[in-house]
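Same chain, two partners: chain A is paired with chain B first, then with chain C.
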Partner chain A sequence: MLKRRRLIFSLLAIAPVIAIFAYVRLFPIGEILRLSLHKWDILSKNKPFIGLANFQELFGDRLFHEALINTSIIAFGVLVITVPLAMVLAALIFYRTRSRFAGFYETTIFIPHVVSLVPAAMAWKWIFDARLGPLNALLSVFGIEPQAWLFDPKLSLISVIILCSWQALGYAVLIYLVGFKNLPKSLYEAAKLDGASGFQSFWHLSIPLLKPISLYVGVATLVSAFNVYAQVYVLASDAQGAPGRQVRVLVLDMLENTFRNYRVGYAASEAVVLLVIVLILTFIQFSLLREKGARK
Partner chain B sequence: MASLEIQNVHKAFGPTKIIRDVSLSVPDGAFVVLVGPSGCGKSTLLRMIAGLEDISGGTISIGDRVINEVEPKHRDIAMVFQNYALYPHMTVAENMGFSLRLARRPRAEVTERITNAARILGLTDYLERYPKQLSGGQRQRVAMGRAIVRDPQVFLFDEPLSNLDAKLRVQMRAELMELHDRLKTTMVYVTHDQIEAMTMADIIVVMRDGVVEQIGDPLALYDRPDNVFVASFIGSPAMNLLQGSIKEQSFRTADGASFPVNAATATAAAGKSVIYGIRPEHFTLGEPGEGIEATIRLFEPTGSETYIAAMVGGQQLGVLLRQRLRASVGDTIWLRIDPAQVHIFDAATDQRIAPR
Partner chain C sequence: MNAPAKPLPSSGQLRRKRQALDFLVDAILLVFGLMMILPLILLVANAFKTPAEMLSWPPSIIPANPTLDNITAVLSDTPLMLWIFNSFAFAVLSAMAISITSAIAGYLLAKFPSRIMNVLFAIILATAIVPFEVYMIPLYFQAQSLGLLNSLGGLLLGYLVMSFGIFLVRQNVIHSIPDELLEAARIDGAGEIWIFVRIVLPLLRGALGALFVLAFFQAWTAFAWPLIVATTQPSYTIEVGLALFQTGFTVDLGRLSAASAIVLVPSVLLFVLLRRNFVEGVASSGLKE
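The block that comes next holds the complex of A and B.
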């Protein structure tokens, strides 16, 4: 009897949270899935069911392909820069914790993550500016020609990757620091006695032992990078100054389809593709983790 | 193989002194046990020998070489940690071969040394397993294997058996002693368990609060403890210690109970306030009227021996008898004490009073 009353109490206690979660998380996902199978122009009451027609159209949509490719390049670019760099930075911070500046380093690296995105992107826009930016000024010191960072199609992609990595780094370093703090100290002492240098300990112990953390950081970074939008919107305008056009990304494409072209159902189908990509990446993470668990 | 020489070593963390002026000489091939209650500095001393802690003062030498400033990896020592510190992502073979691999030894030699160590430790069938797939005792052996493959001059053990259950601990104790007999390498072993210390050591070093209280072979420590701390720490069940004074060639407690003391010691300690020590196993049962009258407060027969907590006046004494006894709580028994087995300590200094 008591057990049952406790169960009811538990269910009631978590019900509000579940309700909020369902409303803000699950309901929109369901809505998107539903809308992707319909044609809707935002205003009309008429939402005819059109099956998979939206998805069929996506196959032939050049702008969508461009957005998908750009977004993937940005996401994997951010991944490749952020994960190793964050690990090395976290290691340096962690093993130099006796330094008076340890707290300072930690904060400095985390600030980009909490700073408001648009002003930060504006600052980077200035850094990358072809004529006034400090980046080109620095390059000219080494005799390198000034580059049109934000106008050249390839360079502007690189610029976006740099900005996004700069932002993602703080969070990744923070997670890695927690990982480093949980590694048993005696392992490193044993390695020291076994003759390992600092770098060898890092290579032979830290990297393999932090594999679960790396997987988590990797997927979290990748998923958030797939949602890149504001950075591109501020940073990469085209030659006429239209924001976000130079580097077209998925979220921008969806917004344009929804609010400029009034094709909500079509945009929803793009969102579904993004969702599927993210789900696959998450699945890969889980299966990699499970494989490691099975070996132990 | 090499001797180990510790001279006037200090260690301080800021104003806190952990090790104070410790000197110790370990002959080549000896098995030395550092024993003491937790926080006495024994592990710190071991870590200083290993090079994991800086030495604040004094010198430590292995063989003829002072190693204060020598990197841990160049000290030619190997250490077994309390939690084994096995690399979880490496197999048993990789764990054991890690140091050799870092030293870039030829592959054939690495394999040979691993195989050899595995044979000594009975790990041959487990070389491809991961630490998670091993039992506590097996992990312990891998940790020892990792030390053996390096063929060091000195082995260091930091409470290696404390994570094992009682039965396994006894077994591993025997295996460790066998290993020492076989390798004949100098070993320094840290434990808080005095039974481990007594059974394994050639030399025991009893420490308290960063100071060496006594150094000696196990039976010497048991038979002639230098002070009250060593007397109470070595031996199980613990020695009975009574406060009182020496009057008329015998020991008197404040409430008037009287205990025998040998004449020479009584002369040396005459008139002093002293602590009277007698081990539970040094009582024998007397005929009624013979020895000291005591009342049984607790009666615990275990088959091989009988433990009794007995009241003499206001004092409670632990008594361990080898013979069977039919008695129950509240009964009166008579206890005999051989004065030669009595230890007398100065109550002011806690030091042993020896007959001149």
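The block that comes next holds the complex of A and C.
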């Protein structure tokens, strides 16, 4: 009887939260799946079911291809820069945990991750600026020609990758630091007694032991980079104020299809592609983790 | 492994080597840390520079002829303070909503086990994987049908709950609140709501503090959602206001830097003050698996 009363209480108490959760999460997620199978232009009243036609059109859409390729390049570029660098930095910070500057290291590396995106992107926009920016001025000191960082298609991708990596680094370092703090000390002492150098312990002990952390950081970095938008909006907008002409990414293409072309169903199918990418990445992460567990 | 025995170096030599290494690592980290914040420092410096000084090479960190022209210009050109207020209200209310919903749901999911609760928890975890950008378009039409576009309510609609927050509280309740404590209170005749408010919430102070700070910065730096939901100048958040401001024709670098600095300085200070909370919250996000 008491058990039953407790069950009823718990369900009643959680109901409002679940109701909100359902309304602002479950319902729109269901809607995006449903809309992706329908043709809906904001202006028209009816939304006919058209099966996978939206997806078929996507695969032949030049702009979508461009967005998908650019977003993938950005995501993997950020991954390749961020993860190894974060691991080394975390190792160095962990090694100097007792340094009086330890707090300074953590804070400075983490600040780019928390400051408002747009002002931070603005700082980089100035740095990359072809005429006024300090980057070209610095390069000219070494006799390198000034580059159109934000106008050349390839260079603007690189600029976006640099900005995104600068922001993602702090988060990755922080997660790695947690990982280093949880490593078994005895192993390192044993390695030291066997004459292993610090570098050898890092290479042969830390890297394999931190594999689960690396997987998590890698996938988290990739997933958030696949949703890149604000950075591109600020960096790669041209003088006329048409944002993102230079670097088209998935979220930008999606929003443009919704609010400029009024093709909501079509934009929904793009969102579903983004979701599928994220699900595949998460699945890879979990299966790699499991594989490791099975071998033990 | 049969490594040949090395001659052991004397302890003085070892210590000196160790000190040199420590110094080297410190130097690397100091330089790297400074480089990480250099773009922001230069941005703040630019806010106080005259147009001529902004072009000089190498860029100066302390302006030679500091001027407040940029700041006064940007404050009179744009409703910057209103945008900051919008962002601040949005961030505080969102952090409150997320803390409350997470505290209630996390506690109930942890301490009232039943099959329904397990199902609910599985659903919450599964949706945590889905990025906000994926479902924000349907959510936009929900905000529209509620008549919440261009309002604080519309902004909040996207940021009322956080799957990770629910998860974080649930983990904390499981690890730090023993069943016996709750049972003892019940035997003493305490009601469930009294137990939640007087026993559970105080014990969750640390976790909820971390979550609040995390949620605050999440809303403070939100971009895509405010951009589509708040499209009239008085309803912009600071991120959106600045992003649109910078695409204007007449805008010069000095004013952009000034506007950015006005936003950056308080949020960096806030972060430095709340760093412990924030780091705790973010660090626990990595321990999901």
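What we mean here is this: the second predicted complex is superposed on the first by the 269 of 296 C-alpha atoms of A that agree within 3 Å, B and C clash if a C-alpha of one lies under 4 Å from a C-alpha of the other, contacts with A are read in each partner's own complex, and residues count from 1 in each chain.
The rule is simple: a residue touches a chain if its C-beta (ideal position, glycine included) is under 8 Å from a C-beta of that chain, and two chains touch if they have at least 3 such contacts.
Since the model is a prediction, treat every value here as computed from it, not as a measurement.
> For A:Asp194 in the superposed arrangement: first (chain B), second (chain C), both or neither?
Both chain B and chain C are touched by A:Asp194.
> Return first, second, both or neither, reflecting whether A:Pro208 touches chain B, chain C, both chains, or no partner chain.
Only chain B; A:Pro208 stays clear of chain C.
> Look at A:Phe110 in the shared chain and tell me whether it touches chain B only, chain C only, both, or neither; answer first, second, both or neither.
A:Phe110 contacts chain C only, not chain B.
> Which holds for A:Arg96: it touches chain B only (first), chain C only (second), both, or neither?
second
> On the A-aligned overlay, A:Phe27 touches which partner chain: chain B = first, chain C = second, or both, or neither?
second
> Between chain B and chain C, which one contacts more residues of chain A in the superposed model?
C
> In the superposed arrangement, does A:Pro184 touch chain B (first), chain C (second), both or neither?
So A:Pro184 only meets chain B here.
> Show which residues of chain A both chain B and chain C reach, each in its own complex.
Overlap of chain B and chain C footprints on chain A: residues 194-195.
> Where on chain A is chain B touching in the complex?
On the chain A side, the touching residues are 184, 186-187, 189-196, 200, 204-205, 208-209, 211, 295-296.
> Going by the contact rule at the top, pick out the chain A residues touching chain C in the complex.
Listed in rising order, the residues of chain A that touch chain C are 6-7, 9-11, 13-14, 17-18, 20-21, 23-29, 31-32, 35, 89, 92-93, 95-96, 99, 101, 103-112, 114-120, 122-127, 132, 134, 137, 166, 169-171, 174-175, 177-179, 194-195, 198, 212-213, 216-217, 220, 223-224, 226-227, 229-230, 233-234, 237, 239, 241, 243, 251, 254-255, 258-259, 264, 267-268, 271-272, 274-275, 278-279, 282, 289.
> Going by the contact rule at the top, pick out the chain C residues touching chain A in the complex.
Its residues touching chain A are 1, 3, 6, 21-22, 25-26, 28-30, 32-34, 36-37, 39-40, 42-43, 46, 54-55, 57-59, 101, 104-105, 108-109, 112, 114, 116-117, 120, 123-124, 127, 129-142, 157-158, 160-161, 163, 192, 217, 220-221, 223-224, 227-228, 238-240, 242-243, 246-249, 253, 256-257, 259-261, 263-264, 267-268, 271-272, 275, 278-279, 282-283, 285-289.
> For chain B, which residues count as touching chain A in their complex?
Interface residues on chain B, with respect to chain A: 50-52, 72-73, 77-79, 81-83, 85, 87-89, 98-99, 102-103, 130, 132-133, 146, 150.
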